[in-house]
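Same chain, two partners: subunit A is paired with subunit B first, then with subunit C.
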Partner chain A sequence: MDNKHNLPSPAKFWTWFNPIGRQTGGWAFILNRVTALGLTFYLFLHLVMLGQLAQGPEAYDGFVALMHNPIIIIGELLVVAAGILHGLNGVRIILTTFGVSITRQKQLFYALMAVAVVAILVFGIRMFTA
Partner chain B sequence: MSAEIRNTSAPRSGENSWLWLVKIVTGPLLIILILVHFIVNHFIGQNGLLTYADVVAYYSNPLIPLMEILFLATVVTHSLSGLRGIILDLKPSRGVLTAVDWLLALVGVAAISYGAWLALVIASRS
Partner chain C sequence: MSQNKWKITLKIHRQKEAEAPHFDEFALDVDPDEYVLDAVERVWAFMDRTVCFRHACHHSTCGACGMRVNGVEKLTCITYIRDVTQDGGTLKVEPLRNFPVISDLAVDMGSLYSRLDTVGARSVLPVTQAEAEKKPADWPAGDEQYIRLADCIECGLCISACPSAATSSDYLGPAVLAGAQANGLKRNPELLGLVDTEDGLWRCHSAFECTAVCPSFVDPARRIMDLRKQVFVERFSRVFRRS
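Entry: the complex of A and B
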């Protein structure tokens, strides 16, 4: 069999995100990777934005007021959701790394994702009703 | 068919096992730190730290900038070592990987220095 197909290459970047024919572990992998990239982007965005603090009270309070709109809140909810999903997926990786729940990885993943969905809903409701 | 079954997380090829350990150790640490960061920023006072004055008052306790800087260093390290892992999966050549390593190290040092500077500036204003 042609072994070349199993080698990673930059051209295969998009296959990471191809959902066709995935098993649960593949979904977990996609989820962890997409949220990782999103959270990394947000981390640097967050640092740059907080630079407004150095400009003084008018700059910062004006900036915060500007951020009070539904589009930004949707973006913030995405960040919260990514954090919850990445963190709980990380809990699964840590547990299985140390030999816990190795034969029940799927169940562990589904249970943690159920917790994530509930947590994201709670945050969403709070953020849009506050 | 490659029927490799990996039950546990392990260093990638080309990933120093210490760097892998950094990701594994900083992960759970971040879960705690991010919870603290979140609770503090959203539940201190009436509605959390919303104004410039709130933030400056919060940073007047010297333990706070210290904690935030440690948090920043941990999250930047976790984030960039994770990014390196993703780049490793693209099988970069040795030369490219060396360049990526330098770039990530530079970005990491710059981000932590900038954040530390910002935290200390805010702390000095109270």
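Entry: the complex of A and C
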């Protein structure tokens, strides 16, 4: 019988990102994976862009001008947001792994995400007004 | 029981031998205070005798009727219809994930049972070892002789809901790790080699979905974290024992 579709498989990694039917801890799990992938992509992009700097003064000036583009600033804010969300979510996992607030992991997640929103807003205001 | 009847559409996952999985729809008049399992049974009794599903006790003790209801793992014998749909709504019933489908809604839970045996999970235990037991002041002496059923009813909902279990067939899974925790590393040091592995404790990524769907308040996520602590203490103390 073909019942493989219902069995565990590494090819089902995409189900990690499916929010349907998930609850608070599941959303935290999804958020951690999405932000981790975003940060990994950024690291790759960052190295590529740094490589451009080695191509002389003109390339450097062009790169600096590009960094003032509002779209790039929004991109940088997304990187900052991903770092804050991933880091604070990691704090939740560390605390619960050591038994701290384990029966209140939902409240811990909401509290840390509230901190994250405030931190992202502060960074956003500073980045767009600098 | 409510006086009002609801008209609902029950979408049942169907899959027989060598057949591609699909859904069959059944229009039902139901009492919203009935359970989801009642609706599935009504389809089987009056509309389609080939519908295959597992059920036994109908009071959340046997753990046989676990299914996914509108995408969420539920023990269908204690899930009110009014809690999962509305008048004119749809109820989508699917088999548990991460187990092979035998037929329609029935899955083969053999892997769960054999793994529970591997870690020596007990179905009954002395009341003195039951975490949830609150001993009354007049509890008689020699209470080791009194036993009770373990909280876990081996329904498999936690394995189905766990995102880590979806991608690794070797992962022991929440119910099994909770069973190991209930046994305790101190009483069973040989468990260390089973749970302190990539597909044991460390495969858990703290999604807490197991605890969210557990109908029996086993709280597998808390038990996994507690077992990690036990493993950490054991490894740490081994360093000093060697030196």
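Here is the rule we use: the second predicted complex is superposed on the first by the 114 of 130 C-alpha atoms of A that agree within 3 Å, B and C clash if a C-alpha of one lies under 4 Å from a C-alpha of the other, contacts with A are read in each partner's own complex, and residues count from 1 in each chain.
FYI, a residue touches a chain if its C-beta (ideal position, glycine included) is under 8 Å from a C-beta of that chain, and two chains touch if they have at least 3 such contacts.
None of these values were measured; they are calculated from a predicted model.
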A:Ile102 touches, of subunit B and subunit C: first, second, both or neither? both
First, second, both or neither for A:Ile72, with subunit B first and subunit C second: neither
Which of subunit B and subunit C A:Ile93 touches, first, second, both or neither: both
Contacts of A:Leu37 with subunit B and subunit C, given as first, second, both or neither: first
Which of subunit B and subunit C A:Phe13 touches, first, second, both or neither: both
Which of subunit B and subunit C A:Gly21 touches, first, second, both or neither: second
First (subunit B), second (subunit C), both or neither touched by A:Phe29: second
Shared subunit A contacts, counted only where both subunit B and subunit C touch the same residue: 1, 6-10, 13, 93, 96-97, 99, 102, 105
Parts of subunit A lying in touch with subunit B, wherever the complex brings them together: 1, 6-10, 13, 33, 36-37, 39-40, 43-44, 47, 50-51, 53-54, 56-57, 60-61, 64, 83, 87, 90-91, 93-94, 96-97, 99, 102, 105, 130
In the complex, subunit B residues that touch subunit A: 1-2, 7-9, 24, 27-28, 30-31, 34, 47, 50-53, 55, 72, 75-76, 79-80, 82-83, 86, 89-91, 111, 114-115, 118, 121-122
Residue numbers on subunit C that touch subunit A, as the complex places them: 15, 17-18, 20-21, 68, 70-73, 95, 97-102, 107, 163, 165-169, 171, 205-209, 211-212, 219, 221-222, 225-226, 228-229
Contact footprint of subunit C on subunit A as seen in their complex: 1-3, 5-10, 12-13, 15-16, 20-26, 28-29, 32, 92-93, 96-99, 102-103, 105-106
